[in-house]
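Pasting the structures in now, so scroll down.
In the two complexes that follow, chain A is the common piece, with chain B as its partner first and chain C second.
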Partner chain A sequence: MDKRGKIGAMADSLRRCAASDKLKGLVKVRGLASVHDFILLLLILCIVLPLCMVVSKPSLSDYASAFTSDVFRSAMANTAVLCVLSASLSAAIGYFYAYAIAYSRVPFKRFFAAMPLVHLILPPSVSGLSFILLFGRNGFVTKTLLHLDVSLYGLPGTVVAQVLCFFPIAYVICLQRLRSINHSLENAACAMSDGYARVFLLTLRLSHSAILQSFLFVCVLSASDFGNPLILAGRFRVAAIEIYSALTGWIDVGKSACMGTVLLIPSLLLFILQSRLEAKGERRTSQIGKGSQSDLIAAPPAGLNHCASGFCMFMASCIAAQVVSVSLGAFQNIWGVDWSLTLKHMASIANAGLELRNSIVFSFFGAVAAVVVASVCAYSVFRVRHALSKVMHAVISLPAAVPGTLFGMAFLLLSANAGIRSSRLMISVAMFVGFVPFAYRIFSSRLLQISESLDDASSSCGASWRRTFIRVFIPLSGESVFSSLFYCFARGIGTVSAVIFLVSFDTPLASVRILSLTEQGFWGDAAALSLFLMVVIFLLLLLAYAAIRLFGRKDAGFEKGFIFL
Partner chain B sequence: MKRIVTCLLLLAAAFAVIPGCRKKDKVEPLKVYAIIHEEETRALLDLFTKKTGIPAVFLHSTTGELVNRVIAEKGKPQGDVILGGASSYHMQLSDMGLLEQYSSPAASKFPKYALSKDGTWTGFCVLALGIGINEKRYREKFPGIPEPSSWEDLLNKAYKGEIVMTNPVASSTAYLFLQNQLQRLGEERGWKYILELAPLVGQFPESGSAPAKLIGTGEYALGISYLHALAKYAHEGFGVKAIPVARSVGDVDCISIIKGSGKIDESRKFVDFILSREAQELMSGISFTTPVDSNCSVPDGCVDIGKLDLMEYDADKASSEREAVLAKWTKEAR
Partner chain C sequence: MLALKKVSYSYNRGKKAVDDFSLVVKGGEFVSLLGPSGCGKTTLLRLISGFLTPDSGAVLIDGRDQSGLSPSMRRIGMVFQDYALFPHLSVFRNVMYPLECRKGDMSAQERNEVVADACRKLSISGLAERYPHELSGGQQQRVALARCLVQRPRLILMDEPLSSLDPGLRQSVREELKAIHDELKITTVYVTHDQEEAFCLSDNVAVMDCGSLMQYGTPEEIYYSPANEFVLNFTGGANILKTDGCDYAVRPEWISISDGENGLRATIESVSFFGARTRISALESDGNRIIADVPSVNARTLRTGDSVCFEVMHGVRI
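Showing the complex of A and B:
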């Protein structure tokens, strides 16, 4: 931090020398504008165009009949209830988990810090199945261990499953904020010998916007979530399911597209609110290049440490139970029914070689594209403040608010209307578009933490924006490069809804195959394929980590990124 | 040294991956959209290639997804043949002008219900509805009640929350069940039956295979499903029992050629092959479906079409009033 601090101080003095404010930012803009325009065009082609096709598909009468139907209204009301419940629970759990990791003394901290992220590499259709086998009416935990005769189908089950799915994301958002808090205020409170409760309240005040932000973020995800309600919602009908059944049951693209479009509106509002909050919250916390960070003196009381450890252990074991259940399922004769051991499911993986290779290749290309575009985009939006920057920010954030099924439909229409026959290209684009907002989010929050004086220093010394981008920004955000690459890659491999209409005869995907295997009742084969996929992702992660340890700069924070995401 | 080793490893990984996406077959294969399960599709295609020398590939998905795909690809289809799917879906595609006409000589002696009026699709196996129970859960939950054997038995109030049936909007199985009741009891009494049953149902999942799955794991005690799906689960080792019911209806899984397919000759050969006795016996052995062709021998555990009490089923009526029935169902039953 020392070196950066010095650079920052130098930059500050340089800035003072450059009396005119207008001088700032002028040097580095040259050349960036054309890149900016190119990327904006690309994003409009990949994101806005397909969505326009979907939105313009239904006729006005489709919209009219949707708004007046009871099915639609009750689905919307149910979606709202589900959203609020699972988002508030996810945000609360995510915050306390992050607090436990960042502030208290939890044994095996690295393990617990990484555990929530394991959920991200579980293919969604299998995590739903393992949830039924563990917590269903005849589930291992509910029936065999606790002897309960409960039915979680409906709202409760969906909420629990969604919380397990989405609290890791709330956790990441909160942890990011908690780690970037400057502890001097808390230390002052501690020095004035306040009780720990007051120190905690102070921390809460410093980071409360992260809770709100993760609440809104999970709201959007929960509204567009399809996998969990499909398996668990039972008679509780939500909008994402109605969209799917309008499409596959009524064979009515118009109706389905119109429900999707209507669902888009609240999602967009929430999303706009969320990104406003994010920008406001993080502008205050920029710290890299602004002198040194003080450590927290206040130590949490022993009671809190125990609570935190217990809490972490409980949440981690919920996730671990799902992973263990999948691993066992791969070796049982019939997962959860006939426990005798067999290797036949593992042998069936040999049939899925092409699927596995396709999944890995396409999502790798998708992830690389997402990282490159997201990083350049974040840089140009937050450093250049071009007239079109706001448009670009909105466009690149848009896919996060769109239900996956709707995007799947959008790409299907695009490839049919534009005559694009290459399903390889379309799948890679779908994976890129689906996860680029998350990469962008990671980069932009990193960028807001890096003081602008570093850029000023670089450009004052005559560096072009490209040089500043490559030599200053990228090295300082190694952790973001790594975490966004991994995130996009792992989610791309697992995604189903956006690519289900795009797979073709020579481009089958592992995630789609897993879904179709579970649909046909071959659970063992599905579990075996999932397990294999998880191991592959994990090995690739280790390989990437090893490569970065060997080639990367030691101070770039890559190691931290490894725990981080 | 370490760097070199890692470099080599990364290179090796890259090369292991890249050839996968550059592989190209010399002969363009026949492309089959498969709605019937993957296992039997694979076996059937292998046998077809072995017999005719025509290479074939397939893409498996649910009925709804594949039908949408065929509609979206209108004019420039990617696939050549649709294998499987209830007759109502094929009728819908045929009405939209998306199917090629072909009356296979292999189907000349087939019963009328397996042949389309306009000569587009042909049915190859019969799917009959029935009741499935998880014997263990049933005995635990309802020790005094004998197993249901008729559709009326399902209306027992004690079953509340223990029945599972698919959502008729999303699944052709459940729509067939609605039509079964409407055609069996007549419009008025049929709806009374349906509306009386609906509150007893625990959930209406979207996918046609869900009831057999949920009964198989003992999540629910009873379900309404295709008998062959239940027989298949029982054969796999799940604790499921398939109960044929009097006055039930059957639908046929159909095959049709997509209009605009560039491989008409190969597609016709494929249709002939699927309707042949050899292919039907192979399929029945895997999926426990009953071939339309009554000359075929069927495996143990499979429902014998001769022993079923099937009623006359008016598929055209079912297809034409689908929208209206589903709208009423959505409004009143759910």
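Showing the complex of A and C:
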């Protein structure tokens, strides 16, 4: 059967599934079925089909040789160790940071609350590069300040870089849960005991699933992280790097696909577990009610407030140090050796004009596609409840569980098998696929806040689903549109793992060039390019903020609009 | 005219939310669906509007089966419990919305006139440029009604539209609703769990329980001749008195305090003051409890332990 035949058969089979379902309480909306089918087919083509190609690529002998290979086993073991360490530390730090913001009296709370969110939109290369600039052999902290001759490369460096990268995600998950806790429960605990410890333990008990959820989520991210291990792991080989090396170094597609498939299984399991925990948390929130409007009677002791303030200040300083070191690195002659100021690194940006243009253009198209598809999918899944909604929900959420390197390889196989020669198209599709689950989450969260009776009112006024979508849902989701557009663009412009296999001579990307410059030791040039990307992202952030202020609803806050998870 | 023919519907868990429900609402009638929470009133309303599809049975409007017609094609006006006004549109745009959805029906000028007319009728002309969050509950209610009326619906469905208003405002909006219906005579189905609201607004009331129709009739029929114990209890409850071997249901407000000795003598157990009326609970010598609602002015001197004589003004044989 040719490829078109396979896809057609897949679509027919899905339709048969739908037809056999008893459509209880479902609303039939004319016209949406075709749009829904089209988007589902598009998602299957862009997500499921490439993954199927990877999974079906390795032969049994590939699996046999992989499992008997020391390199493979050590990479898997290293990945597991890295995941557990990074995820444990990120979840713990994220939780205590969120607790400090939600419960204690920290000065400049809005600033500290926003700092981790800033890190979420920085290019991933900033984390690894700044680690080298601060803690490398010529690092500002290790050599200039402490005069140490140490190497933090390997497991410690990768863990630290990943923790700084991923704790903001754990922070967002935990903060959402902590803010949903009804304070009346804690006030009751306070009235029944004389110590704050009991109140804290109750809060911990009510929110412990968020810690577990953060742990699982960061595990998935850590396993699929490519940039940090490539720069910092050194001889501590992890699976994501081995997948890349097997393909680019040994041109061994089978081995690379085999490792990717093996890595995919725990990633998927962790993601499913994480999603179930999240759903359970949402149900619990809906049962015990949203966060109480009443204040928490139990005031945290002064000592706790001081500790929380110090902790927030330290973590915020770490984030600021990353941005500052990369910014300064762009103007130092030779970092750690010659501190004289120079503009030569900034001038080198001119040599990366094509890379920057490509990054901006591809990530823009990827982001626009992600926003359009995510908005229609979210509306279809949560409002129209099409027969195949659950399938659509699963397919669109899938990329969040798949390591980026694996997707990169999947698109490479897709382009090779389907005869697609345009790396521009494949890079845009890779960016679209990589970030569509996040845009989908933003729209889904927004939909849950919009009363369903508005849709019913629109229908009863005679509006078609298209009119309701365009005239009611989109205007009420202004923040979500700009937030997801901005977020997908910001993440797309810095992404490495999903696109590293797809770049070619005429389609180089800034993120890949930064990685290459860092690997080769051209830190100044890498810092200059990273700084340029950061400036672009912050300018866009301002634009998105202005757009939200202009077009967004007055009763929805900026912070709310920019919570990405 | 609306006709429901043996309509049944169950949610995924299998329990029937609406069970073999049949009802005929004549053109221009105001009918209330009255019942406790969870009895299937709103589900029935959603079945009529087309948001849900019946498992069996049919919904007919003006004699035509509505099966397969989406809500947007049924030309039914709806007023929701939370009013469902579009928060990003002004009052004028909210009221204009249904007309914009059916642009082919009239010109822009006609549409403006229709909206202005509806706003005038509901006394919201001065609020045209305001947004929903700038309006009070009563004003939002009027806008929702105006939005519903401009589409000239064949049928209006209202899902507890007064439940979020405070009691004083509810009273005045109720009167306005009645006046508007009397003027326009559009067939209306109104969902409520408030017996008083249903009785004062409706030509007919359908009392529901567990998805089934318990009784359908005029408010007076429901009140004075309840078909069964559920209807009797839901519409205010009653004392069960035995006379000549027959049981009679006597509502508390059908009992008055008698000056003479002819009546039911009992000892007062408790006296609860509700303002205009006072509820008296008393025990007869045989242990039978009597609940009476009497004008407070007649019960000012009564205290617990007093002996009092009750006179029964009306009773229904059950």
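One rule holds for everything that comes next: the second predicted complex is superposed on the first by the 426 of 565 C-alpha atoms of A that agree within 3 Å, B and C clash if a C-alpha of one lies under 4 Å from a C-alpha of the other, contacts with A are read in each partner's own complex, and residues count from 1 in each chain.
Heads up, the rule we're going with is that a residue touches a chain if its C-beta (ideal position, glycine included) is under 8 Å from a C-beta of that chain, and two chains touch if they have at least 3 such contacts.
Since the model is a prediction, treat every value here as computed from it, not as a measurement.
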Subject >> Dominant toucher of chain A (residue count), chain B or chain C >> reply: B
Original post:
Which partner does A:516 contact after superposing on A: first (chain B), second (chain C), both, neither?
Top reply: first
Original post:
What is the contact status of A:475 with respect to chain B (first) and chain C (second): first, second, both, or neither?
Top reply: second
Original post:
Is A:456 touching the first partner chain B, the second partner chain C, both, or neither of them?
Top reply: second
**OP:** Please work out whether A:177 is in contact with chain B alone, chain C alone, both, or neither, and reply first, second, both or neither.
**Re:** neither
**OP:** Could you say whether A:508 touches chain B, chain C, both of them, or neither, answering first, second, both or neither?
**Re:** first
**OP:** Give one of first, second, both or neither to describe whether A:361 is in contact with chain B, with chain C, with both, or with none.
**Re:** first
**OP:** Please identify the positions on chain A that touch both chain B and chain C, taking each partner from its own complex.
**Re:** none
**OP:** Can you check the complex and tell me which residues of chain C touch chain A?
**Re:** 10-12, 49, 51-53, 68, 70-78, 80-82, 84-88, 97-98, 101-102, 133, 147, 151
**OP:** Name, in rising order, each residue of chain A that touches chain B in their complex.
**Re:** 70-71, 132-133, 136-138, 151, 153-154, 230-231, 234-235, 237, 241, 244-245, 247-251, 253, 333-334, 336-338, 353-354, 357-358, 360-361, 364, 412-413, 416, 419, 421, 424, 500-501, 503-506, 508, 512, 516-517, 519-522, 543, 546-547, 550-551
**OP:** Going by the contact rule at the top, pick out the chain A residues touching chain C in the complex.
**Re:** 23-30, 451, 453-454, 456-464, 467, 471-472, 475-476, 553, 555
**OP:** Would you pull the chain B residues touching chain A in the complex into a rising list?
**Re:** 2-3, 6, 9-10, 13, 17-18, 20-21, 29, 31, 37-39, 57-65, 67-69, 71-73, 76, 78-79, 92, 137, 161, 167, 169-171, 201-207, 209, 212-213, 216-220, 232-233, 236-239, 326, 330-331, 334
